[in-house]
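Okay, got some structures for you below.
Two complexes come next, and they have one chain in common, subunit A, joined by subunit B in the first and subunit C in the second.
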Partner chain A sequence: MDKTAKGLSRRTVLSGAAAVGLAGVARAQAPGEIKVGLIVPLSGIYTRPGQVMKMGAEMGIEHINAQGGIKALGGAKLKLVVIDCGDTTEKAKNAAQRIVAQEPDLVAATGSYLSSFTLAVTEVTERAELPVLTLSYSDLLTDRGFKYIFQTAATASRQSELGLPTLMKLAENASGKKPKTVAMLMDNTATSVATAKALKEKLFAQEGLQLVVEEVWTPPLSDATPLIQKVRSAKPDLLLFMPNAVSDAKLGLEKISEFGLGQGKIPTVSFSITIAEPDMLQSVSPETVQGIMTIVANWGSKGHEALIAELKAKYKEPWMTQNVISTYGDMWLMKEALEKAGKADRNAVAQAFRTMDAGPSKYYPGGQLKFDEKGRRVDAGVVIVQWQSGAPVTVYPPELAQAQPFWPKKP
Partner chain B sequence: MLRMRSLLPPLLFTLAYAGISLGVTNSYYQLILTLVPVWAVFGLSWNLLSGYTGLISFGHAAFFGIGAYATALGQIYFNISPWLLIPIAAMLGGIAGLLIGFPTFRLQGHYFALAMLAYPLAILYVFEWLGFQEVTLPIKRDAPIAYMQFSDPHIYTLLGLAIMLATIVLTQMIERSRFGMALLAIKQNEAAAEAAGINTLAWKLRAITLSGAIAAAIGGFYAQVLLVVTPQSVFGMLVSAQALTVAMFGGVGTVWGPVIGSVILIPLAEILHAEAGARIPGIQGVIFGIAIVCVILLAPEGLFWKLRDLLRKRTASKAAVSDIAEAAAANVTALKPASRQRGATGEVVLEVKNLSRSFGGLKAVQDVSFKLHKNEILGIIGPNGAGKTTLFNLLNGFLKPSQGEVLIDGRNMSGQRPHVICEAGVGRTFQVMRPFLRMSILDNVVVGAYVRARTDDEARKMAADAVARVGLSAVADRVAGELSTKELRLMELARAIAGQPRILLLDETLAGLGHGEADEVVAVIQQLARDGITIAIIEHTMQAMVRLVDRFLVLDHGAVITEGLPEVVTRDNRVIEAYLGKKWVGHAAN
Partner chain C sequence: MEAFLQALAAGLLIGAVYGLMCVGLGLIFGVMRVINFAHGDFMMLGMYTAFYLFTAAGVQAMFGNTVGPFISILLAGPVLAVFGYFVHRTLISHVSGTRIASLEGEGHYAQLILTLGIALILQNGGLIVFGSVLASIRTPLSSSAWELVPFFDISIFLNKARSIDAIVSLAIMILLSLLITRTRIGKSLRAAADNPTAATYMGIDVDRAHRTAFALGCGITAIAGGLLATNYPFHPFVGLEYVIVMYAGVVLGGMGSIIGAFWGGMTIGLVQQMSTLILPTQLQNAAIFAVFLLIIFFRPQGFFGRMVERT
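Entry: the complex of A and B
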């Protein structure tokens, strides 16, 4: 925001409801500048993912502008408008309303980490006809018949559909036999519940897996002992451990290690990025997490080395999680759409997303830069990440793999 | 006339607010304008229960969430319009209130507050378990108005305003009626309220039912505004806290409190979020918190009361001089010599047979029997711990006797609830006074009249009459907080007789009074007896009692020592021994 715009908006807001008539005022804008939005949590308990998404967006904008901006618009530069969507659905909705009311020249936006927030945000942006890219993967997001939401990640149900068979194949290749029994420990958040539903209703049977232990907890987990005890006595071939809070993950993994089930004695798999967050290393040792795998929608992988190095140098992030790489990719996707639309207009950009067919995607796993009629990216894939020597590295799909997967064997 | 005058401010406020809203074109500000009445109504619903009864609910999100989910799920699964679903939500909220209230009202004070906290948290997990982590309202492009989906955001604000106006008017009506008086009486002293003939459980259940219904209705409307419902956003701790915050900030126990709180806090939070939060994310919470702490420190009962007190002080200081003169003149009619017929021979109105009550090993009252004759004044005396107050508590139903019977007009009433005994014609006052300090004397007294009165007007008339009988008419409009101990005692007396009891139990009515003051109160009591009320009075100070009573009943260690005329009893060695100890018996004989 340039200085005039900033000053003006502050005054309007402070003068409160009485002076509201002023709000629609058109703002002075530097020539050749196109605004794109980032609606993410920057306060409250989801601040950290919001921050790393912001890093991805900033890097993306910087790279695009350094490479000549939007060529179809005479080299116009992209400008990022960041708005904090807070830690509740109400705050997210208010933030979205604010961004559409006060940034009328915004052409596209991305956000908002938690699918509940994305749901609320897109209820507003849909009505304002603002196209929104999202890395949230709840199926519901693109099941509402909305025309202005574009989901770059595979949906939750699709991720388990893709992930589990791949995992089984991996196990078979590495250890020579297919796992037969599985234990599932999960929290009761929306993501875990959706994933578990797909697993239990369809995928376990399809893969010939027998569910021997199933335990659900409500975060925060206070004591993992009873959970892990059940796993130890059942001795499953595979453990699905699905926490969504770093503290829960830590408690569970420490207990697994304490009971002597760690380091792959029972191969452990997760379904979210929580278990591969950099924060994990602050609370558990690299040995505790060694060998653990997780199935995620996106990850910094082969081909992203320069980016990862830049992220490390600039923001001190040890590796590139889904939040960074997807948001970075979103900026390029917006650029693509702007080039195609040929004008800085949100409806034209939305139409460009709908009709886009830009070939294989560079910053999302698998599939094309193309959206189906629901707004889901065509053939969006998953990434399997494994902790190896203190860092989570991509081990699948092979074209993105940074290292070979190893399947821990029962001693 | 009174009705119109009370209707005018909310009407004007609503119109002004609607005017501002219509002038706002920015959709973000409009959304904030919509959320203000939403949280105001939620605060009002909380106020209806907790503000008036003093039973703090930390769990109003339970009702709010039920309303929100009912409205959302009804649309998704049954395709019902929210125009219909919001009233249905209100009904469900009312039922939930009843179901929650019934077991929870057994608890009091902090225990009630904590138990209430549990409900939304428990329901939250139920909804998560049911798989309703994220629910979105289906978009109805073909029939938006039938499904309350307006493209013009002004309409949401106007709808919210309409609900707020309705809630304000409803609250005002309740405030002035028997309902409101009963709730206020429960707040000041639940036991006293029961004793004044108020069926406290029934009124509390009505309050929580209505409160739940309002909260659920506004929850349903909130879902309609937010379009997305998650357990956290409608059942979460923050939601319950929101009701408390707006009400406590604006003022508890008044219809304007939650409205003031919401009008200030909701836009403030948003402005902070938009402005400060954009620069230092998270700082908005800190500023908001500090602002609330400061206001609570400066105005602990909320802005409304603070402003009203300031206003009153300004007007009061002018009128103070004339007021004092009037108050002095208002004192009780001069003490007349007792010309009353002693009634000890009349018919028996209350008979106690072998009444006992023990607390564990302690026999507080053992085997007490006596008769109260029509129109007599019975003094019940005894040293500290003799069981006098326990006896009263057994008589008016606070305690159930372990053994024995209490016959009122020949009917066994032992073990009945206090309000039932009150209805049977037994009024009582308390050793410790708990007047409602912000209410006028007349309003304090009206509470006692409802046990007999059929309408609000009749109750006011009876209360005015009772106030006149104790000689407080001239100061009837003063708030209780400005009264002296004597006046408070008289006011308590007025409340007890406002329900026109035939039997009056007075518990240390003379305690804390000076010599002259005690005489004035004694005169009032004598006058009441002359008017045909039968009185039993507990008292320590023998001097006043000897002149007042017809007969004494002396208790020690829970048992009757002796009974009889004052001049006989005061010379009884057993009485002197009980009061002063063995060695004084000899002295007294001399």
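Entry: the complex of A and C
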């Protein structure tokens, strides 16, 4: 009895402790669960896009786990950690600091809707060496020399470079003549500013377009009369209307139709997903938006039918916006990186993103699943979406198109 | 010329709704001297009340898309007035009226914290209950206009929804003035505002007058919110966007003056629209505050300072 008690007091206890420690190490090496983050606005005025991104992330994780999780890690399951980045850049930065501090075993994250939020969030995640995927457009995101940000969407300037010539061709084919004058109405958010810069510095001249009206507003607008009055006086061949808030879009479009410029009298094109959000239909009539086109970085298109149907059934979303499909794709991209890295380590995952070359992409338009030295997805393309009979449908590129585009004609 | 007249028309129409919004806040401040930070959120509740009355309670089905919105907006007023009455009775009355003698800083600190707290609860409660999807009181009037042709080559568009909004605002403003100047309730409100102690000695129930003022203020702002919502899609945080306009309007018009609050709101609408004629549109709201500072510099008491008129 005595002997046993003595034995227990030293060696057994020590070896027991060692065994417990080893078990801990063993658990860390073959994790049953791998945490990935979603840093999006879930309070304040940008809640809605944040919630929609969450739907995409949840669907992605569900599908990946149902198909056996991360095979390179023994079928480990992905677990989503969601954090609210609020409605200001300050809150976004704080959210990033919180998630970095509270979740040391996070391997990658995605976010944060507005370019301005993503800029703030990645200032923090870069220092914590946490790889972040983003669907934000601003060129600045990947112009800062950061090593842990990966932009899956074409940058704002690239989108205008890709989109405008296509639009001009479309106009020429459908109406027989090329537009000559253009009016540009934009808000002063980071994305619009980046798009406008590319348009003004290069593309308008290249396409032979003369800029006759340029107006910039600070969102939210309270009334669009002064903006549309200028368009009415100038009578341009083409209107580029670039709002990033549904309320601004509604005020502008309704004013356009009130002034008798709607229904194709002045063909209207946008450069953001706002104008094609499901929320729009709750605010304006389908006639007000008919024919309006927008150039976006991603959209639920041909080949995504099953996903779109699932989204409809599960979340009652009428169509799949960029926010859903890109965030869904981000989950698959993280899985790809984890398989390649072979371990649940954020630096290894970041390295896997940098060296990845996984061929054409299923959930982002054009290009490859490969990032250049800046962290931009190689040859990322754009999608042109057009409102047709109460729903925005993909009309370009042809391989993704759900319908033929039409150029609004004067009635 | 066309641009000038168009901006003037838009300014007057939107100014009338801003004016009504400011009147609601001005009434509460004028009578109770309580700075209500939750006022924008009461407006938000008014917008949602009008929205649900219109869509879910059958007003749309009964009256259609043209008259229906305005009926539901007018009904939202009394609903919010009752809500305001109870908020005052259960919360605000503890830090205002006759209770302030026992509170630090005449209850102003407590009022500030309480109304900010109510604002936060309403905003986040709104997010839970109403969701983040933008709501809108949809009417075909918001995208159509009456075209005026004052001269041969000039035509001015008056947005139908905004024009009716402005008419309703003016009508409510006139009714409110009559209520305050011609009725017993109005008399007790004025007495409670001018000198609460003397009013108490005269047998006026000051707390009750405050409750009435708070209820009226909430009801009026709810109607203003509803009118705004015919053109403007809203969400649970919409109050934040307008509470600054309301305060600027009230201060501009002269703290405590109801007519002043209306003209303060009107001025803001006009400056917001007319400034775009000479300044870039993105400075629209900066222009409001530049004019605001200018007026305050030359007339610190506002247009209708308290020496001229107090509620």
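We adopt the following convention: the second predicted complex is superposed on the first by the 379 of 411 C-alpha atoms of A that agree within 3 Å, B and C clash if a C-alpha of one lies under 4 Å from a C-alpha of the other, contacts with A are read in each partner's own complex, and residues count from 1 in each chain.
Note that contacts are C-beta pairs under 8 Å (C-beta built on N, C-alpha and C of every residue); 3 or more make two chains touch, one makes a residue touch a chain.
Just so you know, these numbers come straight off a predicted model, no measurement behind them.
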**Prompt:** Should A:Asp223 be classified as contacting the first partner (subunit B), the second (subunit C), both, or neither?
**Reply:** second
**Message:** Quick check for you: in the superposed arrangement, does A:Arg144 touch first (subunit B), second (subunit C), both or neither?
**Reply:** first
**Message:** Contact-wise, after the overlay, does A:Asn188 reach subunit B, subunit C, both or neither (first, second, both, neither)?
**Reply:** both
**Message:** With both complexes overlaid on chain A, does A:Val100 touch subunit B (first), subunit C (second), both or neither?
**Reply:** first
**Contacts of A:Ile266 with subunit B and subunit C, given as first, second, both or neither** = neither
**Request:** With the two complexes superposed on chain A, say which partner A:Ser43 touches: subunit B (first), subunit C (second), both, or neither.
**Result:** both
**Message:** For A:Thr288, using the defined touch cut-off, is the partner it touches subunit B, subunit C, both, or neither? Pick first, second, both or neither.
**Reply:** second
**Prompt:** Which partner, subunit B or subunit C, is in contact with more residues of subunit A?
**Reply:** B
**Request:** Report for A:Leu162: first if it touches subunit B alone, second if subunit C alone, otherwise both or neither.
**Result:** neither
**Request:** Under the contact definition given at the top, report the residues of subunit A touching subunit B in one complex and subunit C in the other.
**Result:** 43-44, 47, 188, 218
**Prompt:** Which residues of subunit A touch subunit C in their complex?
**Reply:** 43-45, 47-48, 51, 87, 188, 215-218, 220, 222-223, 225-227, 229-230, 233, 246-247, 250-251, 253-255, 257-259, 262, 279, 282-285, 288
**Complete:** The residues of subunit A that touch subunit B in their complex are 10, 13-14, 16-18, 20-21, 23-24, 42-44, 47, 82-84, 86, 88-91, 93-95, 97-98, 100-102, 115-116, 119-120, 123, 126-128, 138, 140, 144-146, 188-190, 193, 197, 218
**Request:** Name, in rising order, each residue of subunit B that touches subunit A in their complex.
**Result:** 20, 23-29, 31-33, 35, 125, 128-129, 131, 133-134, 136, 138-139, 151, 226-228, 230, 232-233, 236, 238, 267, 270-271, 273-275, 277-278, 281-282, 284-285
**Request:** Write out the stretch or stretches of subunit C touching subunit A in their complex.
**Result:** 2-3, 6-7, 10, 14, 124, 127, 132-136, 138, 140, 142-145, 157, 159, 231-235, 237, 241, 272-273, 276-277, 280-282, 284-285
